[in-house]
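Take a look at this one; I'll ask things after.
Order of writing sets the chain letters: A, B, C and D. Residues in each chain are counted from 1.
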Amino acid sequence: MVIVISKHATEHEIKNIVLRLEDEGFKIHRSDGEQRTIIGAIGVKPNFDTRKIKILDGVADVYRITAPFKLASRSFKEDNSTIVLKDTVIGGNKISMIAGPCAIESEKQIFHLAKIVAEAGVKILRGGAFKPRSSPYSFQGLGIDGLKLIRKAADAYGLHVITEVLQINQIDEVCKYADIIQLGARNMQNFALLKEVGKVNKPVMLKRGLSATIEEWLMSAEYILSNGNKNVFLCERGIRTFETYTRNTFDLSAIPVVHEKSHLPVFADPSHAVGLRDKVPPMARAAVAAGADGLMIEIHNEPEKALSDGPQALLPEQFSTLMEELKLIASAIGRSF
Amino acid sequence: MVIVISKHATEHEIKNIVLRLEDEGFKIHRSDGEQRTIIGAIGVKPNFDTRKIKILDGVADVYRITAPFKLASRSFKEDNSTIVLKDTVIGGNKISMIAGPCAIESEKQIFHLAKIVAEAGVKILRGGAFKPRSSPYSFQGLGIDGLKLIRKAADAYGLHVITEVLQINQIDEVCKYADIIQLGARNMQNFALLKEVGKVNKPVMLKRGLSATIEEWLMSAEYILSNGNKNVFLCERGIRTFETYTRNTFDLSAIPVVHEKSHLPVFADPSHAVGLRDKVPPMARAAVAAGADGLMIEIHNEPEKALSDGPQALLPEQFSTLMEELKLIASAIGRSF
Amino acid sequence: MVIVISKHATEHEIKNIVLRLEDEGFKIHRSDGEQRTIIGAIGVKPNFDTRKIKILDGVADVYRITAPFKLASRSFKEDNSTIVLKDTVIGGNKISMIAGPCAIESEKQIFHLAKIVAEAGVKILRGGAFKPRSSPYSFQGLGIDGLKLIRKAADAYGLHVITEVLQINQIDEVCKYADIIQLGARNMQNFALLKEVGKVNKPVMLKRGLSATIEEWLMSAEYILSNGNKNVFLCERGIRTFETYTRNTFDLSAIPVVHEKSHLPVFADPSHAVGLRDKVPPMARAAVAAGADGLMIEIHNEPEKALSDGPQALLPEQFSTLMEELKLIASAIGRSF
Amino acid sequence: MVIVISKHATEHEIKNIVLRLEDEGFKIHRSDGEQRTIIGAIGVKPNFDTRKIKILDGVADVYRITAPFKLASRSFKEDNSTIVLKDTVIGGNKISMIAGPCAIESEKQIFHLAKIVAEAGVKILRGGAFKPRSSPYSFQGLGIDGLKLIRKAADAYGLHVITEVLQINQIDEVCKYADIIQLGARNMQNFALLKEVGKVNKPVMLKRGLSATIEEWLMSAEYILSNGNKNVFLCERGIRTFETYTRNTFDLSAIPVVHEKSHLPVFADPSHAVGLRDKVPPMARAAVAAGADGLMIEIHNEPEKALSDGPQALLPEQFSTLMEELKLIASAIGRSF
């Protein structure tokens, strides 16, 4: 932490600031320039609230010089993390694809879509059993019945299952049926839930919150990592801005930024980011070109009858075409699916 | 819902759209103009996803004509709702004040602050026992011990208690000790939690999410109301924007907007909105002038030693001065504390 | 400027950084801690692009320790600036009111409104002759004819005139007829225009850009000040956010922030900030309570026939009522109109 | 325009609304449903302010059903527009590249970079002679001398020149030396300037404003088109959001959206969007994959000495490598450079 002393600060005020810093456990380097005194405070804890120093008399400004997260940072672990599932690896040079419906709706639907997903060479099937809906009157998901259906469908086609958990008391059930736990955008700062999924022995995909900075996102990953679960990967799904034409603004720059700041794999979800079917393929291509380690895409065989988010789901044939394009783009940047 | 048919739509496409709308349970009014056909679809459910119609061939645009919330709306209940506590009323012409520390830290601290709060004529004491912190390494609150302390302090000085609940399994404990349940900004769309607090017999203060529209905020209130709990009031606490000087951007315009769209009381929390002590008094004054039904303000006797958010807490004497100013402003607009 | 050296930097890299800083004209203070080396670089010019240092090998992070503006800063001039017009002063303890129509539309209209404005005790009449409209098909203002009309009306009622200038070649004409030049939100970073109004001998009101940070706003004021014109005051008029119910989000916290960082007076324009008539009075009251040095309010006697922004204009009788309320609020905080 | 009448409106109010609409020149279709009356108003002018109707008694809501722009819209012109320069075409299946320094700094610099640009197969050289800088103390460009230098360098290597114009009185000079006029983000709503470049006989590249919606951006294009200049193309360069790690948030979804709503070509500028050199290549690749019709990229041979925006400029060898990658991605989606 660097503390810039204000021009008019008295020596008494500076001494007070130093005392306060030492009380907080910092080691101090004081540097008196002609115009300004600067204090370096070494040993800052990741949770230190710099405003505590900022409000002291004689302080002009305070800057952190270390990131507030540790286990998630590239400086803690230099090489890329990977997560090994039975027959596939998340992270590394290969790009992963997750596909499936927004919500599990029926046995027929999920089996039908699992087949399409498997035939396209995809290894991970998505489908929501517990749905976070902004209206209390919307379809809230099939619950445990949905979990059983997606497990059955995935097993029939040799797929892994990813599904969302909304609250702590669902974790045990979800772990019985799923291979990967999804934490949704609205729960990115549900700290109680983050702690609990940090204790389970399943990989976790952590979506970025609607208005979360990249730093806050990595802080939320830190909650999971610091509770013991090292198998975390991230997923960019659009942030909220003033633009209303698209559902959200897909922040693809977050992908190279995460790769610089963290060792964790980062996916992209163009379906939620743009919210309209015909914009999904170009943005999926863009995500791969930007360096995403994986994609999550919603598909539906009858999107006009889907109980949730049908308008953003790709049709099976659109999905197959997209997969071919994505493979070409991956190979253009030296990667593959 | 109003569906605007595109200029080049065929009669076959229009019929298809009408059929689809009837399938969804709508009554149809078709109006053929010289240049455009417009379809009015009556009977739209609050949860209807208009994108379902928007993606049909021949549709140019779709507009909801009813708000997606019902029980929270001014058109459902025309007069202002009030919430009666033993000796005070939330909502109505009187403005309420909630004050206390960010977090309950010790018996000495909470008793000291409860005394100050009571002496200032305030009826409701705040204090967090479970703290949502963006870092896993930050102080997370005293938990149930904190709940017991704030109850004791409140009883000693004849105060009501408001405290935050972070997860479902804390609700029972919090209800034992608190008079009002607070749902924080990060939980505004924790739908599982909203449903559960909708079933308890305690008033709920619902804070606006960091990037929640006013409509989404009222939808979240609808979750609580539709589960049976009618004693809901709202609290604006700043939204996230590009401006970095203040912690958040205090959206005071939300106050007259909520008053137009809803019958629920709406409070304002300048402490979290601006995040720096010296900006709290002007913004507290502004909130009263804008018509807020109440304020929530953080105070601390030793803010430099506070375990959470000390830099935004007012000192006791600042708080007393502010209360006097606020009374004058309230009286200027025909209200009182 | 403070440069934090990265943990793994070599001594060679550090020397290189120091050389580069000296080349740029900085004086260097190097402080070697046990874990980190920190370099203080003194003498940073306000326009220095810190990214130049950030990209050097061995640099972990770079922080400015001085604001990028100077003449506009509170540290350059400690006491509040005031601008003296013949019979009124902008800034200082008195709050100023500017009122009038969005656009000058006819002699009858502007005389009628000037009379209302003068009768309410207001000293400054607003009205646009050159209108910045987002559509090329919208009314673009009466131009020079409008300037002549507002001057005549103002003279008839003893008022000062403020009007907007959109381009450099309008400045001379506007200066003939106006007492104060307005620079609109869309021109806040029209640097060519800023420089030119910096050379004229008339006060300038600089509105905040739709997505300008407070720092950028003060930088734009710096353009005017550094070209010689010291009579600058600011006007907050709402920023762009994700919230769509109001036209903009009125950032009233900017008022105490500007007062801390700058000596320039700061006004507020609730009419443009919220964009709907019935929300203007509460937000005008809030602006005064937050400490604004003045307000700018749009009025119209026949808003339903106004050629521009009628829906946000107050009716004359609403304006009179509001003035009474504002006087009470001003007096509650020790100020007056 | 569709007007939804409120439930409690009286017949007298409805008649009033109809009269008012007819006064404004609309043809009326009234549709009385059981619960709601809906009025279709046909013939809405692109500049009509719908708030004029929204504030009438008895109106619940008002919706435009036509875009506020016309000449820029896909419905006005169904096939993609192209702009023919001597030996290259902007728009169409081929992707264009614009490259060069942020600012023209010296004859040596611009000749050196022109050579690199030409050798990479690029046809259009960029370089600023008039620089819009947020600080009055920053390098403001070489002005007309700069224009002469870039023209000379471009001629030496057979290149077209694009350069920015900041104010009306620069247009004539810029037209003497440049082949394409650039309008920068800060001038996107400088309507006076838009009108004037609408009258010149040179193609115009219109950058998106920092906080402009796609609709506003197309409205600004409409200003140019409606003044007679049909050779307009757009350039996405990042929007302002709460995320601070990148300079702006690159809104690549805008590319497919513009392609749907408009016939105008749309470019992308990853250099300004992200602001840091190492993030430029992935985002350039993403822009091509998303369907951009062209890119604009900043390069510099000595970025550490650049007078403006050096930290975001690619080195010549980075640029060559990137060009190779981009060609592969273009071919993956059936396009070429």
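Operating definition for what follows: a contact is a pair of C-beta atoms (placed from the backbone, for glycine too) under 8 Å apart; a residue touches a chain by one contact, two chains touch by 3 or more.
Remember, predicted model here, so these are calculated numbers, not experimental data.
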Chains contacting each of chain C and chain D, listed by label: A, B
Identity of the chain that, by mean CA position, is farthest from chain D: B
Interchain centroid distance [CA atoms averaged], chain B/chain D, Å: 39
Centre-of-Cα separation between chain B and chain A, whole angstrom: 26
Centroid spacing, where centroids are CA-atom means, of chain B and chain C in whole angstrom: 31
Residues of chain C whose C-beta touches two or more other chains: 211, 240-242, 244
Chain A-touching residues of chain D, taken from the complex the two chains share: 211, 213-215, 239, 241-246, 249-257, 260, 273-274, 278-279, 282-283, 285-291, 325, 328-329, 331-333
Residues of chain D defined as touching chain B within the complex: 2, 4, 7, 27, 29, 31, 33-36, 38, 40, 42, 60-61, 63, 65, 75, 240-242, 244
Footprint of chain C on chain D - complex, ascending: 20, 45-47, 49, 51-52, 54-56, 68-69, 132-139, 166-169, 186-187, 189-195, 210-211, 216, 219-220, 222-223, 226-227, 240, 275-277, 303-304, 308-312
